[in-house]
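Please read the structure below before turning to the comments.
A, B and C label the chains in the order they appear, each numbered from 1.
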Amino acid sequence: MSMNSGHRQLLLLFSLVLLHVFMVVPGFFAPYDYSEQNRELPFSPPTRLHFIDSAGRFHLMPFIHPFRASEDGSAPYVEDQARAYPLHLLKDGAPYRVLGLWTARLHLFGVEQPGRIFLFGTDDFGRDELSRMLFGGRISLLAGILGAAMAIFAGAVLGVLSGFYGGWLDGLIMRTAELFLALPWLYLLFAVRAILPLHIKTTQTLLLLITVVGLVGWARPGRLVRGIVLSAKERNFALAAKAMGASNFHVLRWHILPGTYGVLLTTAALLVPQFILAEVTLSFLGLGVGEPVPSWGSLLAELQNYSVLTSYWWMYLPACSLIVLFLTYHWASTTLQDKVAEVRS
Amino acid sequence: MVRVARRILHGLLLLLGVSTLSFVLVSAAPGNFFDELKLNPQISASTVASLKMAYGIDKPWPVRYERWLRSALRGEFGYSLSYRCPVGTLLWPRAQNTLLLTSLATLLAWMIAVPWGILEALNRGKWLDRIGGGVTAIFLAIPELVLGLLFLLLAARTGWFPTGGMFSSHGAEAALLGKLPDLGIHLVLPVVALVFGAAPLLIRYVRSAVAAVLDAPFIEAARGHGLSTTRIVYRHALPAAANSLISLLGFSIGALLSTSLIIEVVLDWPGLGPLVLESLLARDTYVVMAVVMLSSVFLVTGNLLADLLLYASDPRIRTV
Amino acid sequence: MTAEVQNHLDTSRELLCVRELSLEYLRRNPFAAVRIETAALRDVSFDLRTGETLALVGPSGSGKSSLARCLVLLERPSTGRILYGGQDILTLSPDALKAVRKEIHLVFQDSASALNPRRTVEQLVAEPLVIHDAASGARKIKERVAEVLDQVELGNSWRCHRPRELSGGQRQRVAIARALVLRPKLLILDEALSSLDLSAQAQIANLLLDLQERHSLAYVYVTHDVRMAGCLAHEVALLDAGRIVYRGLPAEVLTPNLQPVS
């Protein structure tokens, strides 16, 4: 693949944006609401899309056969060939909220009632896995970004205070950072999680959880920022500004802070996956947001059940999306690191 | 010598600070163990109150902290409310189980990572390095959670390995020699899962440390003298890269009690992981604290050991 | 024109008077009872008149850079007074001090490090205006920047370039332009010519002389280069181990009778 680095970077940016677009309006991309149950179709396999019907005709728009319980028990479900529902694009469906502001009903695709399209199969309660993955992805991605933002914000503020003013403040902040770094990350997570109520019912509480968790991760970014501020403070151009009568605020804004942006960006690319994983881990262990709000962690937790683990392969799909997400972020962080090193030289 | 003493003192102070921090965090949790009891109509409020007094839960936190510290120094680490025994009796066997798992896994991971990392560094830029880099990148992107589940699937589908636990139901009572194969087969999956989780990052670090050294002028000079690659690597490059590797080793040792949490929960290994999880859910604060403290002790000690090793091995640090 | 004539008539008034300036560093050795004192400056005194140049010549370690930094208050002297226009700047209130700082400017030796590499020439030269809020509106700023760039003979086309795209001599011109933008009266040149090659040195030296004549600038020229000092200065002071050991006219100081200053 002979793509020059500029094209590669664009592709990377595009992939990242695409992954995150689902996060903004999962309701549009998901055919159903995450809590909509179909008790008669537990653990249904993914619906198959057909382009050629039984008479051999080709349709541009694929259609589906709904599943029904099979008579002979060879497989739990068989396709009901007697009924067919074409796929519709931009169809009206269950209402959902956009950014919490207004309600919409338009979905990217769907089928006529009583047809059901389960592109990723269903879970124990017959809930569409694709819809649950999209809504759950929102939670996990939001957690990752919010957590990383909190950690970076807290780290930047404390790092600047520590590096710029020095003295006892620096000593205090750095000793505290050491303390936070001396606790193993997962256990620190647990300890902080323990402060909040055990059962989280709403997304709001989850965001609160993530904020607290994020703030706890300030130590590494803080030390990095402090290092940069310490060296920038003594550079001649900063001293020149002071000699010209610049206020501390001016020196910070014009000369010191711009030097931190590169490091903060690369740290962000490293922290976001870390915090996504933190939320997924907590949800997996039952410490995240509770039913019925899905999270990739709680979706994966169903795999701890023996029959789910061995029989229903589509329940592994959240794991695939996690892996794809991490690979993309890893790619982003190496690209960013190269870019920052380039700018510095 | 003074420096060594100062470093150790620093480590001890750090541990004290960590204990305070974790005590404050864990005690700040709303609700406590007795909330469950209160809901039970058969237990009167006064019983709950007297139970609270007996365990000292009603005292203000500085008092509780001080009592806990003294108990920790005795090795008891307070009292477990769910199990009704000193936390120590719960802690040590579980810690041993965890250590068995993680020491084995860490040893294996290092044994794989060092040669592989060196190989990649020697071939840096060539196809071996690129493929290796790609493989490690993919494994780095797989969370331990997923790894554990995949191994669980392997066990369930093939039946070659047990799906969890440390011994099979009859194995625990067997004589020592009989125990070992049973233990061994139960160890395979968790250890392999941990190795898959830890090795990629280690390989990365070893590769970058060795590659950085291999680019140095003195290595080129050695090559110019006609030294063989093996000799260059083992006599010249590795010692120069030792500093980063020693720090890495310190971190590996430090993480011995904490890396296996997820794997232990998924693969049902009776270590500290499941203990801390259930205690967290039951709000059995002293158990949580003890596990957190113990893991921090390892982390701080690991870093301390690394620093001391660096001090002993690198003369440049000594003469500063 | 009138202001300049006025200035010439007032040359008898001292612009800068430094009295008994001392700078001591205390290093505390935690394991010893003794505190080690290093004196960078001892009892330094001199005067400078408007539109004139005083050269401070000395070997490295003689305290010249410390003196330069004290004059712009990047360092606080331990004792002594610095009188600018009659006022002791060491005792001024922050607001009054800020006003004084408009008139005194320091030009560093290494222009590459003294100019923020991320900023364009225009932003660099405009920075003092931003700091002192001295020009209202982007257009006024642009005009003033173009004006001073013209004065230092650096074409306006260099406006949008970054420091690393310029030669050493051009960078020093930018530094001088930045120094001129607030219409100062005193420039402290801390080895401002030492990092330049010989031809650039000559050009910048001529530029400085030219600017001095046009704007009645006073210079404190800190250097180890005795010959350059002789070219630029009206008065030369020799600095050794923090003390002024000789003061006089350039011709006197440069005679071979005196002890050689390396």
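Following the convention adopted for this analysis, contacts are C-beta pairs under 8 Å (C-beta built on N, C-alpha and C of every residue); 3 or more make two chains touch, one makes a residue touch a chain.
Treat the numbers as computed from the prediction; the structure is a model and nothing was measured.
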For the protein chains shown, what form does their contact graph take: line, ring, star, complete or other?
-> line
The chain pair with the larger count of contacting C-beta pairs, comparing A-C against A-B, is A-B
Between chain B and chain C, what is the gap in Å from one C-alpha centre to the other?
-> 59
Chain A to chain C: how many Å between their CA centres?
-> 55
Could you put a whole-Å number on the gap between the CA centroids of chain A and chain B?
-> 26
Contacting residues of chain C [partner chain A, same complex] | 72-74, 97-98, 101-102, 105-106, 108, 110, 113-116, 118, 127-128, 130-132
Would you pull the chain A residues touching chain C in the complex into a rising list?
-> 235-237, 239-247, 250, 254-255, 258
For the complex, which residues does chain A have touching chain B?
-> 175, 178-180, 182-187, 190-198, 277, 280-281, 284-287, 297, 300, 303-304, 306, 309-310, 316, 319, 322-323, 326-327, 330
Give every residue of chain B touching chain A within the complex, in rising order.
-> 14-15, 17-18, 21-22, 25-26, 28-31, 137-138, 140-143, 145-146, 149, 152-153, 156-157, 163, 255, 257-258, 261-262, 265-266, 276-277, 280-281, 283, 285, 288, 291-292, 295-296, 299-300
